[in-house]
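Chain IDs A, B and C follow the sequence of writing; residue 1 opens each chain.
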Amino acid sequence: MSLLSLNSMKTNIGQYAVLHDVTLEVPEGGVFVLLGRNGAGKTTTLRSIMGLWQPSPGSVLFNGQDITAMHTADIARLDIAFVPENMGVFGGLTVEENLILATAKGRFDPARLKRIYELFPALETFWTKQAWALSGGQKQMLAVARAIIEPRALILIDEPTKGLAPAIVDAMADAFREIAQTTTILLVEQNFEFAKSLGRDMAVIDDGRIAHSGTMADFAADTALQDRLLSLSA
Amino acid sequence: MQQINDFAGRLGGVYLLPVVVAALAFVMIGAPSSWVTLTVAGLAMGMMIFLMASGLSLVFGLMDVLNFGHSAFVSFGAFIAASVLAWLSGWLEADAVSLNIAALFLAFGAAILFGLVAGWFFETVIVKPVYKDHLRQILITMGALIVAEQMILAIWGGTPVSVPRPEFLEGSLLIGDITIEIYRIFAFLLGLGVYAALYLTLNRTRIGLLIRAGVENREMVEALGFRVDRLFVAVFMLGSALAALGGAMWAGYETLITPALGAEMMIVVFIVVIIGGLGSIQGTLLGAIMVGLMANYIGYLAPKLALASNMILMVAILLWRPNGLKPAVK
Amino acid sequence: MNALSQTTSGTKAVKAAVLLIFALLLFAPFLFQDVRALEVAARVCVFIVLVASYDLLIGYTGIVSFAHTMFFGFGAYGAAISLKQMGPGWDAVVVGALAGMGVSLIVAVAIGLLSLRVKAIFFAMITLATASVALVLASQLSDFTGGEDGITYRAPALFKTATKLMLDENGKVLRVFGVKINGKLAAYYFVFFSCLALFVVMLRMVGSPLGTVLKAIRENEARAEAIGYRVVSYRTFVFCIAALVASLAGTIYAIWLKYTGPDTALSFAIMIDILLMVVIGGMGTMWGAVIGATMLVLAQYYLRDLMGAAAKATVDIPILPHVLDPDRWLFWLGIIFILLVYFFPKGIAGTVMAKGAPR
């Protein structure tokens, strides 16, 4: 059974239909990459899973449980973390406060914290600094750290490499690879090279529908398919 | 210019403004004793206005909800406290300070209790159905204000109600040639205490952390697993209770209150949150102190201008900083 | 969602109602031959314009201003002060109207530039603060405005009740269907036709390309901005137009009343009336303004009497007389207002017009 199933999900934003029919099975473990052009519906898919927008009709099943109509907060309590495109870092809060807010009980697990320091040393350096003062890459690190400060079953990440320097992108890739050993990641990406290096399974969304799904290895080998589905973003 | 800015920033930035205003006023007034009296009055007034305004600012910051009916809590608080004090007038006249204090705290407690209950009612029944619709929000809370004002008129009548003060808060302190009303000191200290409590709650507790984060980005707080809507009810109730407490203190300060009180305070409260920047407690305090000081100084220096002083202050600050002095980070 | 151009059966009903109101107002002096009725009719005319101009703002651009009475007051006080200082002449009327419009325009531009670029809610707060300052100033500057007492003055000679416009063979004022053709009648028709002209101008504006742009902005601000409309400029422009029309309505009403004071021209109660009228009538339709203003003015004059009578009649029954007390009038209106905003946000006109829509 897959960890997450999206069944003919249709989502409207205001009067515009953004998702027409999204059906997707995300298996447990590893990185699942969702590719697609700008405006294809990638972000909307993540937000619909998270309950920030309501799909109707259609349903979202997580571990077999129907979470379609659940409140965002309750979905999050099922150990699903969300790293939005704008990172959602609280600028007025310090790095420490940002992280403590993401813990379940208001306490850090020392082992996890140590791991986060190792993955993202900058966060330890700027521990008591207000988050608005961080650089874009550091904010992204903080956003990812927030997602892994507790054990999670699923992490939804929206375009984490957008606007980041190549060195930071590499660090991010290493971090994701490690995280994926214990957690499932649903990664939305435009940067195909980055996605290719991480993904095991993948799907392409186009105009609010799943246009292709399969393994990353097959997709990476088929350049014609890539051109057809991603021509603008390769 | 840049250097001056940096220097001012290191000294405390916009928080220096009240100090600058007070210093200017000191020069213009000339008489130190009058200046002290006016400054204390301004600070006391500022703290009471802060209580009334803080809830409005937080509620707006957290849910993007602006409650035009907020001042109804202020006037209800004032009238309820007045009624309780009148009912306990025996205790107020008693020599025992303990009875005095008990009566005062019962009056304030009644106002706070009303604020909590009415805040809950307001939030769940009136505001909740129109969370994301600003136009209807303004209209509905305005309608609620009309109804609330009519209720005050129906219960307490249109004539001014006099508010008895406890014995131990009557009179003034005399230090040299400086006179300071005791009630003003009391109001200032109580207001300061509430501010300190609010500040600590916001900065030292998990709930406070959640509120601050929620003001910035509600969705993200929900995506971390917290029900902001439930938190919001609590903040709304707290804000209403603070407004009612502010009204109760104001009643004791004015000693004579009319049903027009709510409408008058609403304007002041709006000006304070606009000046201070919506969504931040520090900004609201800053705005309230500025308005309190300006009202007293200008009332003394140029009484004719007193009424327009708030407006002039607001326009000047908006021209300088369109989002207010210290808006919440968004 | 162009409610104006849809011809549903509901739209026909609304237009028929508006036409009926128009006819009643046109023949009001002949149909209702008492002084009070004519007062009511004139007030209806002025408030239709005032509420329609407010509808331009709230209904067509979605911004809430609480300063509309202030502009109404500028026009009224402009006329009042100039008529008082210069004597009852047409020159004074023109000077007063222009002065009122000038002040309105300056204040509207200032408020617009200062606050329309920020959130709608900021704008509501700032207009509320400005209006309250204007009210306080009017009652404080008593040398100029007459303070709380207001100003009494004379209107141009043409509008004096004693002025005989037509004489019968005996040299007395001519009566047509029992109505004296005198200055009072002239004054009423001055009010009626000025208001009609202003209303038609606004109707034309709404039907013009400008109206289409405004609706686009109201429906989706970000999209309108993206298409290239300068939202702030449009809003400021409409705010100024609404202010100017309100100011003229104030001038007209001041000439009719021959008295201007805080209660008739500036008080917050008038602002609440306008809000109630536009919401009850229906925002964004113009016809709603006509229906809302007519209903509420009629209710103000006659329903309160009825409530008083009912309270007296039920004096022996507990609670009921209190509930029906005419002083509780605003309480009930407030409740009706809240319920309407919840359940019929389109108001009477909008709700009726949506009925029977051909789909």
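Note that contacts are C-beta pairs under 8 Å (C-beta built on N, C-alpha and C of every residue); 3 or more make two chains touch, one makes a residue touch a chain.
What you see is a predicted model, and the numbers here were worked out from it, not measured in a lab.
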Can you figure out the chain closest to the middle, judged by Cα centres? B
Would you mind checking which chain's C-alpha centre is most distant from the centre of chain A? C
Could you work out how far the Cα centre of chain A sits from that of chain B, in whole Å? 43
Please report how many Å separate the Cα centroid of chain B from that of chain C, as a whole number. 35
Euclidean distance of C-alpha centroids - chain A vs chain C, Å: 55
Would you pull the chain B residues touching chain C in the complex into a rising list? 60, 66, 68, 126, 129-130, 134-136, 138-140, 142-144, 146-147, 150-151, 153-154, 263, 266-267, 270-271, 273-274, 304, 307-308, 310-311, 314-315, 318-319, 322-323
Given the complex with chain A, which residues does chain B contribute to the contact? 206, 209-210, 212-213, 215-217, 219-228, 328-329
Residue ranges of chain C in contact with chain B within the complex: 58, 62, 64, 114-115, 117-122, 124-126, 128-130, 132-133, 136-137, 140, 268, 272, 275, 279, 322, 327-328, 330-331, 333-335, 337-338, 341-342, 345
List of chain A residues in touch with chain B within their complex: 50, 52, 71-74, 76-77, 81-82, 84, 88, 90-93, 97, 100-102, 104, 106, 132, 146
